[in-house]
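Order of writing sets the labels: A, B and C. Residues in every chain begin at 1.
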Amino acid sequence: MAKVTFSQCSENRQVMLLVITQVVVIALMATLTTYGPEASPTPSRNHLGAGGKSDVKSSRNPMRIYSNVHVMIWIGFGFLMTFLRRYGQSAVGLTFLTGAILVQVAILCDGVANWRKSEKAPLSLQGLLSADVAVAAPLISMGALLGKTTYMQLIFMGILELIVYTVNKHIGEHHLMAVDAGDSMYVHAFGAYFGLAVSFVFGVRDKPKEHPLEGPSYQSDIFAMIGTVFLWLFWPSFNSASLEGDDQQRAIINTLLSIAASCVIAFAVSVLVSKESKFNMVHVQNSTLAGGVAIGTAAGMMCEPIGALVVGCAAGALSVLGYKYLTPIIQKRLRIHDTCGVHNLHGMPGVLAGLFGALMAAIATETTYDYSLYEIFPARAPNSEVKLAEMRDNYGISAGLNRTAGQQAAYQLLALLVTLGLAVVSGLITGLILRASLWGSIAEEQKFDDSVHWELEEEAGHDLSSKSKEGSSRVIDQLPMAHI
Amino acid sequence: MAKVTFSQCSENRQVMLLVITQVVVIALMATLTTYGPEASPTPSRNHLGAGGKSDVKSSRNPMRIYSNVHVMIWIGFGFLMTFLRRYGQSAVGLTFLTGAILVQVAILCDGVANWRKSEKAPLSLQGLLSADVAVAAPLISMGALLGKTTYMQLIFMGILELIVYTVNKHIGEHHLMAVDAGDSMYVHAFGAYFGLAVSFVFGVRDKPKEHPLEGPSYQSDIFAMIGTVFLWLFWPSFNSASLEGDDQQRAIINTLLSIAASCVIAFAVSVLVSKESKFNMVHVQNSTLAGGVAIGTAAGMMCEPIGALVVGCAAGALSVLGYKYLTPIIQKRLRIHDTCGVHNLHGMPGVLAGLFGALMAAIATETTYDYSLYEIFPARAPNSEVKLAEMRDNYGISAGLNRTAGQQAAYQLLALLVTLGLAVVSGLITGLILRASLWGSIAEEQKFDDSVHWELEEEAGHDLSSKSKEGSSRVIDQLPMAHI
Amino acid sequence: MAKVTFSQCSENRQVMLLVITQVVVIALMATLTTYGPEASPTPSRNHLGAGGKSDVKSSRNPMRIYSNVHVMIWIGFGFLMTFLRRYGQSAVGLTFLTGAILVQVAILCDGVANWRKSEKAPLSLQGLLSADVAVAAPLISMGALLGKTTYMQLIFMGILELIVYTVNKHIGEHHLMAVDAGDSMYVHAFGAYFGLAVSFVFGVRDKPKEHPLEGPSYQSDIFAMIGTVFLWLFWPSFNSASLEGDDQQRAIINTLLSIAASCVIAFAVSVLVSKESKFNMVHVQNSTLAGGVAIGTAAGMMCEPIGALVVGCAAGALSVLGYKYLTPIIQKRLRIHDTCGVHNLHGMPGVLAGLFGALMAAIATETTYDYSLYEIFPARAPNSEVKLAEMRDNYGISAGLNRTAGQQAAYQLLALLVTLGLAVVSGLITGLILRASLWGSIAEEQKFDDSVHWELEEEAGHDLSSKSKEGSSRVIDQLPMAHI
C-alpha cells in the first residue's frame, strides 16, 4: 500500500514534468519561431499563374514525401514495437506521446540550427519534414529501452538526444561537409548507439535477465507487421526526402532495390540460422528493413543497381546474424539489453551505410556524375574562379573546397566516427542523468508490462496487476489458449 | 423462434431499403451529374506542355490531399470505433458500408449545391474530396450511436444529415460568409450535436444503462489506435483541404502544432484525473485528436505558433475533462448516451474552434495579412470601385461587403449558432423518424454485439448468438483469459 | 524424427533456391539495367526553372500514385489474406517475401519488354510502378493457393507467371492494341485463372476436403479488413496509374463510383443469400472490391456515372453469388480449391471488365471523345496522311490502324480470350512443374498452419506443432474461449 502511494507520488511528479515540458516548448516556440516565407500571407497574384514559383518548387515535393515519412514515424515505429505480448498499448501509445512532444522540440532545434538573418526562425513544411526525420533518432533509441523506462525518462532522453543530434548533424553537414542523404549515420547509427549507451548505464545496475513477459504473442507479431510493412513501403521516401530532381529518382530506385534485396536475404538467412529451418518473426519484422538503412548515405549516388542490391543483401544477412549471434553476447558480456535489437536494424546497418557511402564517394568522378558531382558533393566543387565560372553561370553551382574523391571519402568516414563518438558519449551521460529518481523508474517486475502505464480493464487488471508469483504464472499458463 | 422469424423479416425489409437507396442514388446520379471540365475528354495538346493549365492547377493539389482524407474517413473513423470488445467487425464494416453509400449521396448533394449554369452538375476530383469531408459528419454522429442502431438507421440518418449539412454549410459559407477552413463547425460540431440529438431521442425511451459488452478488450484497444494514429497523422491534410498556397502551408503548420500539443496535454490530463495515475486508453484514442478539431476554423489564419499550441492544449484538456466528468452527467441527467464520446472529441472542441475562429477574425488586420486578408475573409473586401481597383487588377480580389473585423467575428459566431441550432433541431426530428419500425431497431440485449449484424463463425456463434444469461456470462468470464 | 530430418533437408534446399534466385536476379539486373534518363545525373540548371521539364512531367504523377499502389500490394494483399485463423503470419509474411523478390523480377521483365535502342534497359519510377502492378498478378494467384504451398512454390510460380504476364500484356497492348487501363484483364483475370489452373493441378492429386484450420477467427477477420479497406481506398489510384490528364481524372471518378456501388450491393446481397439474414465477412472482405476490378478496363472511357455505378453493382452481386453458389461447385466438381475465392473477386469481375470494356469501345465515337478518341484507342487513329495532319500537328496524335469502333471492340474481346487462354495453359504447365519435389510441398495436415513456416513461440509451439489428433482437437476446442 505504501508502495502504491509512493508510486503515485512519483507518477504525479512525472506528469507535472510533462506539463512543464510542454509549457517550456510553447514559450520557446513563441519566442523563437514564426511562419516562414512560404507560409506567410502573400496575395495569390492568381492572374500571373498558380501561386508563384515558391509554391511550385517548395511545397509540392515536401508534401507527398512528408505524408509518407509521417506514417513511418508514428505508424511504422509505433506498431513495429507492438511485438511484445503485454506491451502493445505502451508501444503505440508511448511512440505517440513521445513523438508528439519531440516533434515540437525537433522543430525548435531545426529552427535554431537554421537561424539566419531574420529575427525569428522560420517555420515551413520542409522544417516539419526535417523534424519528423529527427524524431526517428530518439524513437530508435527507445527501441533499445522498450519496456524498461517511464515515459518521462523517454521524453527527457529524447530532448537531450535531439540537441546532440542537431549539433552532430550540423557538424557533419556544414563543417565536415559529409553527405548522408537518408540520414543513415546521423539518424540511424546515432540513434542506435545513443540508445545502446543509455541501456548500458541501465544494465550496469540492473543486470539484464530473462523476463517472462519479454516475448511476443501470435497476435502481437501480426500487429508488429503493420509497422514493418509501412516502414518498408515508405523507406524510399525517407531516403529521398532531402533530395530533388534526378538525385531523388535515383534515391527512390536505389532504396527500393536495396530494401527488396535485404527483405529476401533476411528471410533466407533466418531459415539458415534456424534450428527448425523456419522463419523467425523477429528477423522478418526487423532485418527486412536493414537494406533501407544501409543504402541511406549513398542513396542519391551512382551506386548502379548492382551496388544497391549487393549492399541490401549484405545488410539483411548482417542484421539476422546480429540478432542470432551478437545480441546475446552483447547482453551477456556488456550487459547491454536491447529490447528491439536496434543494434541489428539501425546500428550495424547504419555503420555499413557510412562505409558504403565513403566507398562510393571515393570512386565518384565527373565522368560518372557530370556537374551533378558538385551538387551532390558540394565540397568537391572547385574554389578557383576560373574553373567555376561556367558551372556557376549555367547550373548555379557555388564554390566548394576543391576536395578530391579521396578527401571526400575521408571526411565521410570522419563524420561516421564523430557520429559514433558523440552518440556513445552523450548516451552514457544521458543514461546517468536518467537514473536520477526525478523521472521515475521501472522495477524488474514491472518491465514489459502495459499495466504500469495504462488503466487496463478489470478483465485484464485483476489478473495482471497483481504481481504475485501465482498471478504471473497464471498468465503464462494461459498463453497457449489465448494465442488465436 | 417466432422472434427469429420476425427479426429476419425486419432484416429483409432493411436490405430491400438498402437496395432501393442505391438504385435511387444511381437514378439521381444519372439524371443530375456528368463529368466536370477537368474530367472531360480534351486532346492533350502535348506539344504545348503537360496537359494544359487545368491539369496542373486543379488536379495536383487535390490528389495528394484526397488520398490522405480518404484514409482518414474509412481507416481513421472505421478503426477508431473498433475499441469495443465485441463490436469491431461492425465498427469497420458499418463505417465501410455507410461511407460507401453516403459518399455517393454527398457527391449528389455537393453537385446540386454547386450547380451553376450547366445542364448537369459537374463531377470532379475536388467534388470527391468535398464528399469525403462531408461523409465525416454522419460518421461522427454514428460515433454517438455506435452499437445501438441497425445499419439502415445509420444510413437513413446519414442521408437526412447530409442534406441538412449541405444546407447549413451553404448558409454559412455563402450567406453568412463565415470562414471554416477545417470544417470544425460545419462538420465536427454539426455532426456531434446532430448525433447527440438523435441519441437523446433514443434515450428517452431506452434509458441508457450499463451494458456488459460496452468496454474494450486489450486487443480492441490496439486496433482502435490504428484509427487514432492515422487520423492524427493526416489531420493537417484535412484542415488544409480547401486552401491553397501560403494559406495551405499555414494550415498544415498550425494543425500540426495544435494536434501535437493536444496529444501531449491529453496524455498528461489523463494521468492527472486517473485514480491510479495512469493513462486511460479512451482519452489517448480520442482526446489526442481534439487539437485538430479546435484549430480547424482558424487553421489558415495568422494564429502564430503560440496560438495554435495554446488552443491545442486547451482542447486536449477540455476533451479529457469532458470524458471524465461531463459524459457521465449527460448520460445520467439528460439520458444522452454517447458511445464514443463524440461530444468530447468533436462537439466541445468544435465549439471551441468556432469561438477561436471568431477571435482570430476579430483581430485580423491588413497589417498582418496584407491583401490576403480579402482572400481569406472575402466579405471584408471593399465594395467601392475606388479602393478595389488595384487589388482586383493585381491580385484578382473581387468586391466584398466591406465588413469590419468585428462584423466578421460576429458573423463567425452567428454561423456557429446557426450550425448548432440546425444540428440539434434536425437531429431531434431525425431521431423521431428513426424510431419508426421501418428501419428496424436494436434491443437492449443486442447492443454492442457483432452477432446482430454478422454471421460469426460457429466458434463464436454457439457462444454468443445465444442470448441466454448463461451464454453471455460465459463470455464475460472468459475475458480474463483471452485478452493476450 | 526421420521425417523432421527429411523436412529440414527439403527446407534447406528451398532456402538455397531462394538465395540462388536472388543472386541470379542481381546478375541479370547488373547486366541488363541501368538508371533511366530521369534518374541519371543532370546538373539542375536551377536558374532556368525547377529542375527541367522531365522532372515536372515524369516524376510528379507517378510518385503519388506509386505510394498508393505500393500500399495496395503489400498492406492490401498482405492483410486481406490474414483472414485465416492460423495463417496470418504467413499471409503477411509470404506476401512480403514473395512481393520483394517478384518486384525485382517484374522490373527485369518490364525492362526487357520496353528495351529500346539503348544498351541497357532504363530504370525509372514509372518502371517501378509498372512492376508493382505486375506483382499483383502472382499475389492474386497466391490467393487461390493460400495455405497449400511452400514459399518456394509461390516464388517459382510467380517468376513463371510474370514472364507469361509480360508476354501476354505485350501482345494485348502492342499487337492487339487493346485498351486495359486498370489491367483488369492483364492482371486480375490473368492472375485469377492462372492461380485456379495451378490449383486444379494440385487438386487432381489432393482432392480438396474440409480442413479444421480453414476458417477465420474474430480477430483475424478484423486484421483482414485492414487489407480490404486500403485496397478499396487506393483502387482509384491503381486504375488510373497508366493514364494522364483528363483520362486520369475520369478513371478516378469512375472507379470511385463503381467500387462504392459494388461495396453497397455486396453488403446487400450478402444479407439476401444469408440464412440468418446477416452480413458475411468473406463477402465484405472481398466482394466489396469487385467494382474496382470490373471498371478497370473501361476506367478511362466515357462510361458516364451511370455506367460506372451499374457495372459496380453487377460486379458486387456477381461476386457474392459466386462465393455462395459457384465456389462450392467448382471445388466439388472440378476439384479446384480456391482459398481466398479469387475467382469471385478477380476472375469473374475481370472477365466482366473485359466485356464492359469491349462494349464501351463498341460505342465510342469522335462525338463523345473529341480527338481524345485517338489517344485512348490509338488503333482507331486514321492512317492516311490527309486526315491525320491536323490532329498530329495540334495534338501530337500518331498514325493508327484506322479501326472502326466495332473492330476495336472485337480486338478487346480477342485480348480477353488470349489472356484467359494463356493464363489457363501456362497455369496448368506451372502447376505440373510445381509438383516436382524440388520446391517442397505441404501435406494435408500442415495446410493453413503458420507453424509450417514460422518458429512460433513455445506457447503456441507445444500445442500446435504436435500434429497428434489430440493436439489439434485441443486447438479447436479452445477457439470459443480465444476469440475476443
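By definition in this document, a contact is a pair of C-beta atoms (placed from the backbone, for glycine too) under 8 Å apart; a residue touches a chain by one contact, two chains touch by 3 or more.
This structure is a prediction, so every number in the text was calculated from the model and none was measured.
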Quiz item: Hey, what angle do you get rotating chain A onto chain B on C-alpha, to the nearest 5 degrees?
Solution: 120
Quiz item: What's the call on chain A versus chain C, same or different interface residues, using the half cut on shared numbers?
Solution: different
Quiz item: Where the CA atoms of chain A average out and where those of chain C average out, how many Å apart are those spots?
Solution: 33
Quiz item: Mind pulling the chain A residues that touch 2 or more other chains?
Solution: 60, 64, 67, 217, 219, 226, 479, 481-483
Practice problem: Under the touch definition given earlier, write down the residues of chain B that touch chain C in their complex. | Solution: 7-8, 11-12, 14-15, 18-19, 21-22, 25-26, 29-30, 33-35, 38-47, 50-52, 55, 59-60, 63-64, 67, 70-71, 74-75, 78-79, 82, 85-86, 88-89, 92-93, 96-97, 100-101, 103-104, 123-125, 128, 151, 217, 219, 223, 226, 450, 452-457, 459-460, 462-463, 475, 478-479, 481-483
Quiz prompt | List of chain B residues in touch with chain A within their complex | solution = 53, 56-57, 60, 64, 67-68, 215-219, 221-222, 225-226, 228-230, 232-234, 237, 244-250, 252-253, 256-257, 259-261, 263-265, 267-268, 271-272, 274, 276-281, 284, 288, 302, 304-306, 309-310, 313, 368-373, 375, 391, 394-397, 476, 479-484
